[in-house]
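The next part holds the structures, each set out as structure tokens.
Each of the two complexes below includes chain A, the first together with chain B, the second together with chain C.
Let's turn to the complex of A and B:
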């Protein structure tokens, strides 16, 4: 259990520390596997096993496949010029680790480590969303954010109805599916997936 | 604390065997490159040769340049006194010696940097600047695992922390060992951070600071580097293996094979990895710090 949560934490640090899109997708796969294992780590029943299987199938197989296809078609290799560099990102990660440990101690004193790991994964996902330029990294940040919420649910109460978890998973699936198509369309249309440039695409007036 | 003849034997063994470790690493690297490689005892020959030579001092360099290698070696040897090797205690130990240990290594580095600046060479100034920058990052990365040990065992002495029954175990131990291994690679100028075999001054970090040292001075620097590798390796070996409750011979055999394994692992890592870009090098030390931080949360 501890080992899984620490792996989740450290993979989130790695998420903030690299700009290679392939590595980011690989980390997302790894996190999907960890989340699946987390689901069955507390108790192994048919219900948790089904949940774990669904989690791994969606997060470690389908999402990466969709994303990888979009990445390959767009020919994206490297995150260009992130807003926050990779070395400062690791420093920010450590601050976020401290903050999430503090929050976790307040929030769920019975399982502080699990809650800290969950919070930190959420924070790291959010941080990746706001500090990177391309849509690929942002989608993966979104995935990490969702993974954090999911593991928080697992840590707080082992008996969340499986229907709720599966519903969340379905929601997420739709979201990533649409994002995958959108990212592909964007990069097809504009030769890049740089979100900063997209935000200038509005009616002229403000900028003239 | 009583005087232990075994600790003295460990200390003397470290002084004698330290250069051997580098020989093993070089042999492993040569094996991966498909060469036979230099003799395992090459560093001993080099040291012998250098000690028989005279030293050349530039007219612009002052006493700091001459003092650098001596103080460097003395500080590292001093730090070695506090390291419990194998299953035995350290030669010296008192509450707080963890901090003295870390700062003796810091002192050695400080004088190496000063001696490099004293030469007035622009290359050495560049190396000194890099060394100061990277060691500023390596120091918290070294302190974090030590802090985890101290927090877990309630002892701020290396000797007492390793003797304590409430040592870190399981996941935190793995994290602490990983963080210390990254520090070990960084502090000993091994490949992901620095390349000990580079011949281009512009890419050097540590090597460039020793360029103007010659003869016995250079021997002191090389020997000091080997000792530093030994003492950080000894801490790692002590962390990884539960020593104690064994006979003298079994203890020594386990310790030496742990050190040998460490050297082989290091050689393998160096053969399988490319060196990090200079701008990415701090990421490695920051990752070590993050590992230590995670260990702190878990432990």
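Let's turn to the complex of A and C:
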């Protein structure tokens, strides 16, 4: 289990450090697989196995497939000029790692590593959403954010009833699914997914 | 009966997906009317709470407002879909609309998700439902697949999903607090036994929930998606987003806030509400002052009203806040419907290019009456609720906040008057096309009448319901 969490953290560092869209998608696939394994690593029952299978199916198969098609359609290879460059991003990563370790020790002393991994993945996801321009990277950031929250939930407790957990997962899956379709639409209509260039909607000046 | 309220619209939505145009439209209005009737039955015979769902008075109030708005919007939407010619706008060569049954299906699923939020008893279930509302309403925003609406839908999806993901983290904190004290995660049980819970966990949970649900509710500074989404979506969808969806987010936030207040964090909770409420009013006022797009004007007015509601909670009058939420929903839905009529007549969203609005007598009347109502002029219900909130602010010792609040309401008044009066002035604008149809006037007029009625006389049963809702949401009543 510790091994899985460390891989999750390392892949989150990689998420912040690369601008190749294909690599980002590959990291998302990898994280999807890890989350699936995490779900069954605590206890192996029919229920957890089903959850793991669903996680892997959506995050490591269906979603990357939609996303890669959108990427190919838009001909995107590299994240163009991120708001925060890759070297500073790694520095930010280190800072986030420290903060997550501190939070984890304060709030979850019984499982500090799992909580730190979860928080770090959340922070990395949020950071990618904020600091990158294309809708592709933003979606992958959301995926990481959500994966971090999910793994935090796993590390916390198994108190949530199965029906709620199922609804929760269903929602997250649907979110990822709809986002995938939206990205596809956006790249379809604009031939790119640079959200900074897509900004018709603002409040200044005359109405066009 | 609760499960019927949840399943009927969802099933109708799924059925609409596979049916033809005509059948889908019949399903839309049929399900809307059925849902409204069901709301009435639930009011008359409140069912016992189940382990997942409940219908306390707060649920019932927001359920009824949602049902009423949806019924009005469903008729309006039928008319709206009628007017869409095969080639509705200049982009139609490139950007086709979604197929109509898909649109109707998502509308019905949206209703189901909102009912789900209102009736949830389990905190995690409520989260699931609120996230579901985001997911089913995003495709509604980009029904006309124009670049602008795609951008709006993307912003909406991203900001609300990230916000709601943070609220999920908040849920986990509540879960661990509840788990440690061995209390089930049901809103009302948690609220009543809040003293047993660890306040530090709850405080964190509240901050996260406020960020997430507050973003969805449109409180500044997380409101940035709102003007785009409400401005770009088709008018019946804007009416629902503004009138019904924001209330659902408010209800969810209040359910969490009630637990925290119960745990002795009342002062902290109120301060947060008051600060962000006033901040929303200030920011909305700044953008409304020189707003040239009348749909965005309405959207910013929603931000302002959500700010007023939050400020009401912060000042300690949940009663006033709930009353304001009801009135705002009725009036805002009416205004968005009227704005759709203006858009159809003048084919522009710029208020400067609309002139001599009296050429559309009914729409013009609704537009003017609606703005008088939303600004809080006396015969309408919003006057009463704003007065209650302002009074509570001064009574609770937030005099300076109250003064700023009143000043900002005046700024909003000036901004709105500036652009709305201009729309009535005779000008060189092109005269409106087409005639006014009853289906576009009657639903809006009915909602307007309801808003007028709550201003003239609040019946005993409504007063009692709002009071008991306020108690259920942790208010002092």
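Rule of thumb we're sticking to: the second predicted complex is superposed on the first by the 196 of 208 C-alpha atoms of A that agree within 3 Å, B and C clash if a C-alpha of one lies under 4 Å from a C-alpha of the other, contacts with A are read in each partner's own complex, and residues count from 1 in each chain.
One rule holds for everything that comes next: a residue touches a chain if its C-beta (ideal position, glycine included) is under 8 Å from a C-beta of that chain, and two chains touch if they have at least 3 such contacts.
Quick caveat, the model's predicted, so the values are computed rather than measured.
Undergrad: Would chain B and chain C fit next to each other on chain A once aligned, or clash?
TA: Taken together on chain A, chain C would fit alongside chain B, as the superposition shows.
Undergrad: Could you look at A:182 and tell me whether it touches chain B, chain C, both or neither (first, second, both, neither)?
TA: Touch status of A:182: second partner only.
Undergrad: A:20 contacts which: chain B (first), chain C (second), both, neither?
TA: The answer is neither, since A:20 touches no partner chain.
Undergrad: Could you read off the angle at the CA centre of chain A, spanning the centres of chain B and chain C, to the nearest 10°?
TA: 150
Undergrad: For chain A, which side has the bigger count of touched residues, chain B or chain C?
TA: Comparing chain B with chain C, the partner touching more chain A residues is C.
Undergrad: When the two structures are overlaid on chain A, which partner does A:142 contact: first (chain B), second (chain C), both, or neither?
TA: second
Undergrad: A:113 in the overlay: touching chain B, chain C, both, or neither? Say first, second, both or neither.
TA: In the superposition, A:113 contacts chain B only.
Undergrad: Quick one: classify A:174 as touching chain B (first), chain C (second), both or neither.
TA: After superposing on A, A:174 lies in contact with chain C but is clear of chain B.
Undergrad: Contacts for A:87 in the overlay, against chain B (first) and chain C (second): which applies, first, second, both or neither?
TA: The answer is first: A:87 touches chain B but not chain C.
Undergrad: With both complexes placed on chain A, how many Å separate the closest C-alpha atoms of chain B and chain C?
TA: Minimum C-alpha separation, chain B to chain C: 22 Å.
Undergrad: Pick out the shared contact residues on chain A: the ones touching chain B in one complex and chain C in the other.
TA: none
Undergrad: Which of the residues in chain B end up touching chain A in this complex?
TA: Residue positions touching the partner: 170-171, 174-175, 279-280, 282-283, 286-287, 289-291, 293-294, 297-298.
Undergrad: Which part of chain A faces chain B closely enough to touch in the complex?
TA: Interface residues on the chain A side: 2-3, 6, 9-10, 13, 17, 86-87, 90-91, 93-94, 97-98, 101, 113, 116.
Undergrad: Provide the residue numbers of chain A that touch chain C in the complex, in ascending order.
TA: Chain A reaches chain C through residues 122, 126, 129, 135, 138, 142, 145-146, 149, 152-153, 156-157, 159-160, 163-164, 167-168, 170-172, 174-175, 178-179, 182, 185-186, 189-190, 195, 198-201, 203, 206-207.
Undergrad: Where on chain C does chain A make contact in their complex?
TA: 52, 94-95, 122, 124-125, 127-128, 131-132, 134-135, 138-139, 142, 145, 147-148, 150-155, 157-158, 161-162, 165, 168-169, 172, 175-176, 178-179, 185, 227-228, 231-232, 287, 291-293, 296, 349-350, 352
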